[in-house]
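Think of it as A, B, C, D, E and F in the order they're written, each chain with its own count starting at 1.
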């Protein structure tokens, strides 16, 4: 069992969701995060004072999945999230020891 | 021989302005109530006020004004056909209060007076909605508003101001609506809240205001508009209008202090919600009294009303009814305080109309004995019983027929989405740049407009969009 | 021999108040439009309104008032030098409408009338901005506002009210601005929207309102201010002012009901955005008619306008133009409905000025035949063509020169940051306690004021700050 | 032989309306300041304004009005007993300004004039609060407000308008409060800010506005109310009231343009906060001048004030004092500009009262030489020194006794929670459906009402709740 | 050392917190997320245009815990979060190599 | 490849970012969370009713990093986030099996 986590540009979420849907991924969990990295932020002005905004809005997408599908899913996300511009984000994979579906108590693959 | 009917510029302008001010109070109330409500029900709460403006205005024009201010039939209602909406009243002589001896009346066109009284009816109905937040079917609310306005507000306005039993026969005083508006709405709120029952989770769960600056804004607009409500009720530009205006400001200011003092002592901290609530409590309490008492009595009234209402709002926890936004604790209690205050401090020395027009007597502390106090109490009692009773029956009938309460699931997930297919906020800066942030606050995901017959999206994307794709 | 020129207190106060009310409408509009907009563009949307107050007020004072209300030159514009800003008009005799026979005119100082008409010009320009949200360069907007006001609004106001072709020659009726304001602004909105094109992702992506309580607040302030707009347009305190006031309230209330009814039937749910939009639609439609029809006709007009506009807003999806906040669907359509309504229900019996002053005839249902309906249609047509045409040309010229549209990237990331270096909200309670939450809502990170020559931060931190460090 | 005292309908209505308008300015200010503040201190910021309405209104009625407008005692204050709150003034003859020769005075009841001046006192005190956001103990603020109103505002109002040294002796001009209100409040702001010191992290950390639409709303309400403030100050309905009204609109519009121009040049982008701030700067600057200069001079004044204030707000970074929301940069500086402007452009040709009533002379550019400029400067200087000095002393005394500043931890975590046990927002749609989202924005977790003696929660859950459980 | 992560319905958070509290869990970290899965979203209407809302508000609960307590904790969460309706959510377990308490620098179990 | 996750007090974020920057960390992802633990919450009052606020605002910081740098990074965060008061938070380390940079498709260390 694996957890694929992606940090992407907000505008790409739709595309990523579609891509995962196409792969038959049944569900995913997303959240708003802020990213700091190579991508430069912007500047705001308030009554003559300038503010450098270093953190940029990103979306975190998490997908629990079977070992076998990891590569397909990673590739799908990378493909859908790419704009080719700095700040496209990262995708990473971590191991999951157990998954349970709250509603039924099913475990493992059945929980997905 | 009386001179020809003439419009009084000053009086008419004052009533036009006052009408606009009172109209503004209902959106102000919507913001006040909306801010006090939880985020998932703010729109439904505001809709109850906005729909009241729509519905009650039309009813008032059609027959409400006639029932309230038409020639008295039997002390209970006015001739319903008197000013029926289908008729027009624009003759030279259509001035309010015009009589053979005084062909100009107060020198104000009938339609101006009708509009002024219209907005009173609107807000009185809207006030009730604060007791039933997050759980009432919108259709049920509309039915209730229609029924209550027709069976309660229109007649009660007649009883108090239209030559009916309370004003003309009982000689009880009510300058701008302590009995007709606040006791009336507060009693109805209790009646309907009892039928609807408590919100899911109340009082175990915390249900705190979702947007306190909105509450303060609403309170500010109410305060502003209330000058038209109170000082406008003098109907003419004279020193009593000035007194009513000053007393409104003084009592409200004092009530803010009174409420904050109680909070500070009882809860340890003075709050912004408390300051806003105190202002409303003061405005409510001074409403019946503003033109009948001296300024020092108004300051005292404000302090008392602010303090007492600050304590009264906890009653619902003891008694176990969910008056969600404290319509009873603020309007019912505040209305009673102000109305009884007249039995103590009303004095002809500030306004001769007390004896000359209403035939009422001075208050206890002005040597009038207990007479007026009794009249005020009786008047309040009559309205309380009638209003609460009819409200309870209406709510009960609605609940038994179309059902007045939404499903518990809908309530938990949020009545805004369930009843209005809307959610109030979507503040994420990434919203609409794809669904990215659309859901951040309003629980919204990838949103799509319903496919339209000829959806332009099917056409090749226009240049601009391409820029992004590339 | 005519008596000396004297100021009429009532009329002057009413116009002063009305002017303040109408001025408030533009911030109200900014909130209404701002709330309907996505969060990332709310400030730009509001800036278009606020900048219009700044720019158009000054232009109006300098030459706009002269063009609109100066002595008619050729039916198309007034003498531009008549009231040039550099001159002063404070003589005893500078009363609006003063003539040899009637030295007091309407008893209102010229400057009061100038101010009253000024705020009409301001809001008419601001109305257009709703069609171009999230994508117009601010500099382009300013140029457009300047050009359109000069070439369209100022002359059109002359045509309709200043003794020009529409009012004086064509004898078309427009009490407070159905043709001059709403058809005019709506047509311009269409013209400029066509040049600017669609927002990136429209209509595929959902672009829903980001703050609906703000929308309701804006609608409430518009409703409030509109009483000055409509009833103030009578310019004097008389029974027609009262009629205009009452009709405004009735039509607006009815329009709320009309819009909600259509939503309920068509979409299954009545919405708060719908109630607010219905109110605006009703206010728009009653504007040209408020002083010329009977109350029952105003109620009917409201119902029709609310329902029709609720349907008209879907047109843009069929026709594929991105009138972002429905300026066409509400103001253009609503203005047309109200203006044509006069051809059906206008009647001298409520306002003698129809024949005496404007030289117009009764509406169809009052035995006036089709004459007036034809005049109203022609008036609307002239303004539609001129306004839409000039707006299109201006927008085109701006786009070809400095460019009217921001880069797609800027649009996707948010025009507020791109054009104004601001983001609207930063509601995190942790904000400023370090950058902790600063970014939570507004996409802000560790923010630093630009280093100042003598940045006190360089000095040893003061005691208070130390408390935290320790 | 003088005719009997009579109320002037026009004047009285205008003052009643103006009073309501000026009252609305303080909630407007609360929103303006609140929006500019960080989210964690918005309620405290608004509470300072709302508490000022409560406290100062009562003080004004009790003795403030007497000190300011009672018969002059020594040029420094009026007879404190003159209009003591315990007395009542409702006689036929209690008209403001009534004398033996002119028994009607301005034809306005004394109480109306008292109320009008009351709201000036309220907002002047509230203005100061902008300088001390996020760090002042609420109890300290109340003490300060009480002391400063008593020792500074009440006497200064007497100096300027009540027959005291500045108006009657020095013959300095101040139409609506450039010296008495804005220089006065601005100087006090500086004094108290110096004692309180900087916010933790200022200026290293970014402390940007948390809700800019709220700022714009506040600016809109201020603009609206300011018409009553300025044009109302003429106290009668005449051409000067019209002039004051028009000039207020023109200068404010021009100031918006002026501020935006500076931002555009200096910072690269025009901002919504800038447009709002420019409007306020223009309103401040035109306040003392609105009834004394020609419209063209008002436009010029607006441009200058907008531009200069846009630059002045950076002073605090150079000088290192934390005037949090720029009360000094906008009100102090703007007040000075407008006040000196009279020394340059005041002219009897627009308002004869300059020489006849105040005994002042024309401005420099109207051939009056430097006399008036000197008087204006001296008047401003006197008020600046007195106000800043007393404010500093009061703040110092409070800090040394009960302590004026909250603990640094409380400041960092948020003064709203620390001083008012409230947090402004809880916008999560899941709030209250369990604690789910309750904390999302307002840092709130599982909230529970305090256990009440007879907590209904102990009773078996009612049917409705069960639905959810199942 | 393990990390138990749960995505649950917002309304159930109270119950879950109580259940964990009862187990003696000393702390937890929660955040707002949005979920996509079998549970159907709802529809919103804005000026005649319909919006399908596919993402639903959920709450993520994270608990760092000792190996031994994992099952107890998972069961407690599943028990408290269950309503039996679609959308109840998931619970999953991942391995943690090290934990440090910032305040004291304590590591491992002592950090909890 | 490791993922270092920290839950800290919001006010300390600046310091933590600087410390990581000083270490040459190229990027990080942060999000707002709410914490429950030893640190006591506060009380709010609304119209006479008291609310105990048990969850406190915290910031989650995530850093993907090379095995070698983990200790340096953990120490840097702990050092910068510490105020010595209860509620300073936790830092934990989990294993990451793969990381991809969306923009380039680079994997492993190159993706950072």
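The criterion applied here is as follows: a contact is a pair of C-beta atoms (placed from the backbone, for glycine too) under 8 Å apart; a residue touches a chain by one contact, two chains touch by 3 or more.
If you want to know which protein each chain is, UniProt gives these names: A, E, F = Nitrogen regulatory protein P-II.
Just so it is clear, the structure is predicted and the values come from calculations on it, not from any experiment.
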Interface residue identity across copies chain C, chain D - same or different by half: different
Pair of chains joined by more contacts [C-beta pairs], E-F or B-D: B-D
Separation of chain D from chain F, taking each centre as the mean of its C-alpha atoms, in whole Å: 44
Euclidean distance of C-alpha centroids - chain D vs chain E, Å: 49
Overlap residues in chain D, where contacts from two or more other chains coincide: 8-10, 13, 17, 203, 205-206, 208-209, 211, 217, 221, 267-269, 271, 273, 314, 317, 412-413, 421-425, 427-430, 433-435, 439-441, 443-444, 446-449, 468
Residue list for chain F, restricted to those that touch at least two other chains: 11, 14, 17, 30-32, 34, 36, 44-46, 49-51, 54-55, 57, 94-95
Chain A-facing residues of chain D, complex: 203, 206, 208-209, 263, 266-269, 271, 273-274, 277, 310-311, 313-314, 317, 326
Residue numbers on chain D that touch chain C, as the complex places them: 8-11, 13-14, 17, 21, 38-40, 197-198, 200-201, 203-213, 216-217, 219-221, 223-224, 227-228, 231, 237-239, 241-243, 245-246, 249-250, 253-257, 260, 267-273, 275-276, 278-279, 294-296, 299, 314, 317-318, 320, 349-350, 405, 407-409, 412-414, 423-425, 427, 441-443
Chain B residues within the chain C interface of the complex: 7-10, 12-13, 16-17, 19-20, 23-24, 26-28, 30-31, 34-35, 42-43, 46-47, 50-51, 53-58, 61, 85-86, 88, 90, 94, 108-112, 114-115, 118-119, 138, 211, 214, 217, 221, 419-435, 438, 440, 444, 446-449, 452-457, 459, 462, 464-465, 467-468
For the chain F and chain B complex, residues of the former touching the latter: 44-51
Contact footprint of chain F on chain D as seen in their complex: 205, 412-413, 417, 421-423, 435, 439, 443-450
